[in-house]
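Common to both upcoming complexes is subunit A, partnered first by subunit B, then by subunit C.
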Partner chain A sequence: MTGMEEFHNGSEGAFNSEEADNIVKECIESVVGGDDYSQSQVNKWTASIVERCLTQLVKSWKPYKYIVTCAVMQKTGAGLHTANSCYWDTAMDGSCTVRWENRTMNCVVSVFAVAIA
Partner chain B sequence: MEETDTYHIRPNHQDKFKPAVVKECVREIVRERLSGLRYDPEEVPELSRSLADCIKDKVKSAGFDRYKLVVQVVIGEQRGQGVTMSSRCFWDADTDSYAEDVFMNVSLIRCDEGEADFSITRLTVFFFPPIGQLVLQGVSIRKLLLLRMRARRMGKSSR
Partner chain C sequence: MSDLRKEKLQKKDKRIVKLAVEGSHGARGKDTTFRTKDSISTVSCIDELHHDDNARIGVAIENTYQMGPDKRFSVAALTDILQDVLTSYLQEERYEVEWSQKMTKTICEVIRARVKDLLIPRYKIIILVHIGQLNGQSMQMDSRCLWDTSNDTSVSYSFKNRYLYGVATVYAIYVE
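Moving on, here comes the complex of A and B:
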């Protein structure tokens, strides 16, 4: 049946982190592209980035569960490190982290995708 | 025949994740490892990695079988800058969840020189459901696609 074949074509195996990378970059650009860090707006920005990323990822109808996290930090010369440790199926699951910056702020978005079946 | 786990599509009530238990695990490890430390750009990459591994191992041994885990550790140096972090998840709210802990320390060693170093650590541990339950979800998506195809075909033939 064609319906079944179409569904299986999507799952070639591992998580495509390049595609996720592009989706995330596009979302960040569209939300904070030309703006400077603003204390009053930052909550709205992080929520917006995260929701957009999630919506775009889910649109591809792949059999994955997603977690998206976003950290926005004002540029003052302070350091920030993120580390992940995962217990999952290394063949099917994956993650991608995108670092973006402009003149006044740094933004780090992480996407984790865990396969369903 | 031996009973295997693969026929359990949902965790039993006692096997379900317990965010409170995990939060306590996380808090213990963090307090032990980070109290009294100062932010050092040379050491922090290794520290954050080993902290994430340590927490993952501890939670694994807490007995949440057939769960996948994702642990994220964020360590930042506070110099009066603003930091905001947010996250969203697309999962099964019945079986999946998360636990987080925020740790801030103040190093008092060099307070007299007018410097204070802070570290903020946010540890989030996400749980995912057992494998059997995931298969069921896969089937539902397929059925949904089939229904959509059928609806389209029916729509065309009725004209």
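Moving on, here comes the complex of A and C:
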């Protein structure tokens, strides 16, 4: 993942986006892996995904505030664009965005980690 | 392509992450994909706004002994900004792929500039913008934050016209 290189600057304080990436993928798979899109369940899914991601991220006991967002969209051929812009300390803070899809839905999860002090 | 970053002293506003999800097509730009049964996971790449060629040494910032923020963000002011920007950029527009790509980035930058203009010190800002096509699909967006509820805040605004919808979210985090 060449685009993510800048986060691995070797500094202890920097956010490890690769680790976050794995955590997020695991959480998504465990919640919606193998399911088809269902209007009645999607509310539960998004809540589960963000909650799980957050609890897993917190387990590493790093001095970060976390923001986790999740968007689940039914596949109908419609297009979606997402962008984010951040004003923060680039040495310490970082983000990680994971896009996951299966036959019937797309799922985009973003994690933002903002260092404390 | 971005260079390896050294530690920095000042805050820089430079990150924009852009994703495109179009139907069942694969990702655009550089990313890594691997398949697990019938699902695909991908990680997007990051576009840098500015490149800093000078190496900066990380310096510890002096303690200000400040217990809380002097000025907090007003939810009403943030909502006004989001409403203003989304309506002015998206009113009567149709969804087009290239245009949407540029528009999400532009709207992000504009919102960030306007939030910074509020001049509220010691806050880090994160802006999220989604623009999607209306095609009868169903969608759910959710977000959860681990932060200090007394100092940090978030505001969201969604806009819809006949052809597309736009959602913008601002997160403001206090720096202790």
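The rule is simple: the second predicted complex is superposed on the first by the 106 of 117 C-alpha atoms of A that agree within 3 Å, B and C clash if a C-alpha of one lies under 4 Å from a C-alpha of the other, contacts with A are read in each partner's own complex, and residues count from 1 in each chain.
As a convention for this text, a contact is a pair of C-beta atoms (placed from the backbone, for glycine too) under 8 Å apart; a residue touches a chain by one contact, two chains touch by 3 or more.
Being a predicted model, the structure only gives us computed values, none of them experimental.
Q: Would subunit B and subunit C fit next to each other on subunit A once aligned, or clash?
A: The answer is clash.
Q: Between subunit B (first) and subunit C (second), which does A:V98 come into contact with in this model arrangement: first, second, both, or neither?
A: In the superposed model, A:V98 contacts subunit C only, not subunit B.
Q: Given the touch rule stated above, what does A:K65 touch, subunit B (first), subunit C (second), both, or neither?
A: Both partners, subunit B and subunit C.
Q: Based on the superposed arrangement, let me know which partner A:T90 touches: subunit B (first), subunit C (second), both, or neither?
A: second
Q: Determine, for the superposed model, which of the two partners subunit B and subunit C contacts more residues of subunit A.
A: C
Q: Just to be sure I read the superposition right, which of the two partners does A:L54 touch: subunit B = first, subunit C = second, or both, or neither?
A: both
Q: Tell me the contact category for A:T76 with respect to subunit B and subunit C: first, second, both or neither.
A: both
Q: After superposing on chain A, which stretch of subunit C overlaps subunit B: 6-14, 24-32, 42-50 or 60-68?
A: The segment of subunit C occupying space taken by subunit B is 60-68.
Q: Intersection of subunit A residues contacting subunit B with those contacting subunit C?
A: Comparing the two interfaces on subunit A, one with subunit B and one with subunit C, the shared residues are 1-4, 6-7, 37, 39, 42-43, 45-47, 50-51, 54, 57-58, 65-89, 93, 95, 110, 112, 114, 116-117.
Q: In their shared complex, at which residues does subunit A touch subunit C?
A: Where subunit A meets subunit C, its residues are 1-7, 9, 11, 13, 21, 25, 28-29, 33-34, 37, 39, 42-43, 45-47, 49-51, 54, 57-58, 65-91, 93, 95-103, 106, 108, 110, 112, 114, 116-117.
Q: Spell out the residues on subunit A that touch subunit B in their complex, using ranges where they run on.
A: Touching subunit B from subunit A are residues 1-4, 6-7, 37, 39, 42-43, 45-47, 50-51, 54, 57-58, 61, 63, 65-89, 93, 95, 110, 112, 114-117.
Q: Which residues of subunit B touch subunit A in their complex?
A: That would be residues 39, 41, 44-45, 48-49, 51-53, 55-56, 60, 68-92, 96, 124, 126, 128, 131, 134-135, 137-138, 141-142, 145-146, 149 of subunit B.
Q: Would you tell me which residues of subunit C are touching subunit A in their complex?
A: Within the complex, subunit C touches subunit A at residues 1-8, 11-24, 27, 29-32, 36-46, 58, 95, 97, 100-101, 103-105, 107-109, 111-112, 115-116, 124-148, 152, 154, 169, 171, 173, 175-176.
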